[in-house]
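Please go over the structures that come below.
Each of the next two complexes has subunit A plus one other chain: subunit B in the first, subunit C in the second.
So, the complex of A and B:
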């Protein structure tokens, strides 16, 4: 490999990128728009979930209970329904995601037996919202339960001991306030890089074939590896720009905590870009049309990066054979790394495994691309 | 008009059926995506990897840990010997939850004082962490309540003090097991259809423009309206077939229920397809090459996809983005498809969504036809 020829190819590629402002704009604009779209649109934190109350008793006790719901940040009482069909209609329409039903014998049971139950009707179509809503509602009800226990004991003139013999002291690490944005945004950077990176390079070789300039390139003394690296280097720089762009937005705009070192981030990002870019290069060598190459690149990178990388859906909750499949998704390793660097502040030492996988991946893809290119020429 | 319309439609069908890649793209990726989505996309939380540090070694502490072991929500993967070990495990993602019971736990319980159970949660995935914490609390309060009941019976007998307790019962409608697949699979049906039909329509027209066959058609006696209809009707039929295919996969493979009326779904699908055809047509008017069409499609479709309520609740979005969802046909179609499959509701409930899609279809179609004519001139 000669530096002079490598340089010539790189300069040619830069000129080509520069003269195609539409592609350049997409390369720079896409990360920007996607960052804001996902950063604001993807939010799993529930607040002010619309619920309806169905008070079949209308007693002091039931009204007290609803006051606890009203005070909760997580619920907003949208309707006070009087009849069962009214509640059915509200949930059918989706106006309310849950209904709290107090039975007609609520305070009677509470007085006689000491225990009473309240029903939470949940709209199960969105199981995640239903699950979280139930957990919050259960917390509200147990708060209420404690309150009436306390006041009951008070009236009896007893001590407060034994009310709650077990206290759960929970401490959340790495994402102390459980803000979904904090884990979605670092992962999102990985998804965007996977998407844009492969898109960028998938066009580069296919374009030469389509325009017939490949034959010209082959007739010059450049070697295939000079073509590959010469073409990849400008995109690597563009990739760095994109990454810097996304990471700045993540930290400055979305205020995601950054606890790791810039060095670790730079090193792993470069490694990931190498995999992504050479992947796009491979596609474009194998498929000689620009449309075909970019389409395959998108389908092959976007969906797996979004679904199977652990960026939002936890991998350990997937069925075993899908979990095995995720080892093939290179975005998986970078998502693990970038989340760890951002939230956990872990150094390179503890990230050896995913880094090793990325290195192996990069070598394999670069090797494959080089081979496929040589084959194409003969 | 009809005499000229039919040949265009036949030509379009022939083109699809002769294109090996197109035939492949119409059948295999949707099924594959359906399977991957169906299996991978889930917010359910089971078998959370859990580390335990029991420094009390009492009957009570073991009983508490046993409750976690016996639930299918937590899997005890590591038993640690020190707090430092616990910290290391969580740092290295060896476990997502750690339970720490300090020495003196049982003593506090027996004395009737509040005994702490320390829980450390890896909050990296806040959603999983939140749900897991909910389960920790449920198990802990179950333990507490049983312990108190037990104690009162033993110590104070019948005349002692009384537990006053209010419990909350869970009654999930439409999806009794709160199965995540029932939520995602209908969403996938909608998103797949959107992406597929917009791509097909936009590409078919841009290809003719790029190859130059559009001019040939325009010098023939075919009128623009006939050309548009001839192009869109086949894709409409392909779209219906596609919906039927993915719905069938959902019903047969993932056992999604279909409690509603198929005709209501058909009506909703028709309106939705009209919207997607119009979007494809509109994109084709601003692009001159397939490459442009591809990137434009991508730019336009991703907001439709994210801001539809497909996976992320609309209610949690900022107000501005919530406004945008009102012009997103996918938003309405997802309500219709979940409503008919899972809830079994009919037109009386879904009419606002039908109306919205009808208005959108009308506006988009008018716009795209006007623009399309202009590009022909």
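So, the complex of A and C:
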């Protein structure tokens, strides 16, 4: 490999990127719009879920319960209905996602037996929301039940410690507020880098074939590896810029906590870029058409990165076969790494496994790309 | 420079070259030698195999059989070393159109590892040669065709290759630019550069030291333009005009002293052993068959006439063989 020729290819590539609006758009505009589009669009937090209440008793106790719902961040009471059909209609229309029904003997049973039940009716068409809503509703009800227990104890002149020997308290680590954005955004950076990286390089060799400059290049003493590395280096720099850009937006705009070290982030991001850039390069070599290669690159990078990387959908909840499949998805390793670096702040040492997988992946793809593009006689 | 000299100091040696693509034979047992400082033109119809031969010589295609030495180096076993010694201008215009004149030259300077201290001077030379002074910062895409071709030549000679392959460098370029391009090629050859150039403009054969006529993968004639004009046809040429082309052609093909006759536009080209004799004998011969040509005269064929004849004759021979 001669530095002079490598340099000539790299400089030429930079000039071409600079003068090609399509490359520039992909490199600069795409990450920016994607960050905001997905950053705001994908939100798994349940807040102010509209519910309707059906108070069949109309007592002080039932109103207290509803006040607990109203006071919670998770629910907003949209309707108060008088009959079951009204409630069903409200849920059917989509005005409400859940209904809370207080039975006619609510306060009576509460006073007599010390226990009463409340009915929750959930819209199961979105089972994810329904599950979360049910859990939150249970939490609100148990909060209310604690309150009345306390006031009952109060009346008895006793304190909490005496009757409650065990209190279960769950504490969430690393994303204390359970803000879904905090675990989505770092993963989103990975998805965007996967897509943009492969897009950029998918054009590079195909462009030479389409414009007829490839034959000239082959007739010169330049070697295949000089062409490959000469072309990949400018895109690696562009990839670093894009990554820095996305990560800055994540931290400064979306206020995602960053607890790791920049060194760990830089190292793993570079590895990941090596994989995605040579992946795009490989498609470009194999397909030889800019449109074809960029479409294949999009499908091959975006879909697995979105669906199978654990970016949104937890891998351990996938069927076993699909779980095995995700080991093939290189984005999975980077998503794991970047979430860990962001939220847990752990260093290279604890990330050895995913890093090792990424290294193997990078070597394999770079090797394949180098093999695919040979200046060979036909 | 003549053929004997060429053999003594051969820069390009091709022996028994064959290239097959599947069952199609693109190059069929071709042999030739080209000497230092010689300009050899490949002429022939599209698809004759001109580009295929040049691409094999540049190490872009692997020959199916035969031996190819370029600058004394075997192209098949060591294509990378050959590439350091050649300049190649491909059929398709193939500079980077989104780069400027200067950027293209600098790129090729880097690719061919032109020493940095010489690069400025070499670039100056190429720019002057192409007549592109003052347009160094212009994007190649904005240049007219003739300028682009000359810049491509400039890029191909930037590293002073002793051997230059030009594949249809003048196609699509207007006549005055073509003329100027050939002047450049002659300047380079005078400095000892060996040039192999293909063209489908038959008149450009006149600019070459030697021309090779290629048809269906074979060299059917090769020599200096003068040599070709004197001997390639194997006879002398008459032009005959008449009303009744068909019967006259049939009669001529049987006539004594006639080697061949073929329709050429709205007249007949008659190849005869002795022009002077046929000019007196043919009218009488035709008159016996009640055929009256309106004109019969000797013509001094251009290279184009000769090539058209040779190609037609070659086709006829192949049809008979098949």
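Convention: the second predicted complex is superposed on the first by the 353 of 378 C-alpha atoms of A that agree within 3 Å, B and C clash if a C-alpha of one lies under 4 Å from a C-alpha of the other, contacts with A are read in each partner's own complex, and residues count from 1 in each chain.
Everything that follows uses one rule, which is that a contact is a pair of C-beta atoms (placed from the backbone, for glycine too) under 8 Å apart; a residue touches a chain by one contact, two chains touch by 3 or more.
What you see is a predicted model, and the numbers here were worked out from it, not measured in a lab.
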Combined model on subunit A where subunit B meets subunit C, clash or fit: fit
Partner chain(s) touched by A:144 [first = subunit B, second = subunit C, both, neither]: first
Which of subunit B and subunit C A:130 touches, first, second, both or neither: first
Partner chain(s) touched by A:267 [first = subunit B, second = subunit C, both, neither]: neither
Partner chain in contact with A:221 - subunit B first, subunit C second, else both or neither: second
Which partner, subunit B or subunit C, touches more subunit A residues: B
First, second, both or neither for A:182, with subunit B first and subunit C second: first
Subunit B versus subunit C as contact partner of A:7, first or second or both or neither: second
Least C-alpha distance (whole Å) that remains between subunit C and subunit B when both complexes are overlaid: 17
On subunit A, positions contacted by subunit B and by subunit C: none
Touching residues on subunit A, where the partner in the complex is subunit B: 22-23, 26, 30, 33-34, 37-38, 40-50, 65, 89, 91-94, 110, 114-132, 134-135, 137-139, 141-142, 144-145, 148-149, 152-153, 156, 158, 161-162, 164-176, 178-180, 182-183, 199, 203, 290-292, 294-295, 298-299, 303, 307-308, 312-314, 316-319, 322, 339-340, 343-344, 346, 350
Interface residues, subunit B side, partner subunit A - complex: 21, 29, 33, 36-37, 39-47, 49, 64, 90-93, 96, 109, 112-131, 133-134, 136-138, 140-141, 143-144, 147-148, 151, 161-176, 178-180, 182-183, 290-292, 294-295, 298-299, 302-303, 306-307, 311-313, 315-318, 321, 335, 338-339, 342-343, 345, 349
Contact footprint of subunit C on subunit A as seen in their complex: 2, 4-5, 7-9, 11-12, 15-16, 19-20, 211-213, 215-223, 377-378
Of all residues in subunit C, those that touch subunit A in their complex: 58-62, 76, 79-80, 83-84, 86, 88, 90, 92-99, 103, 106-113
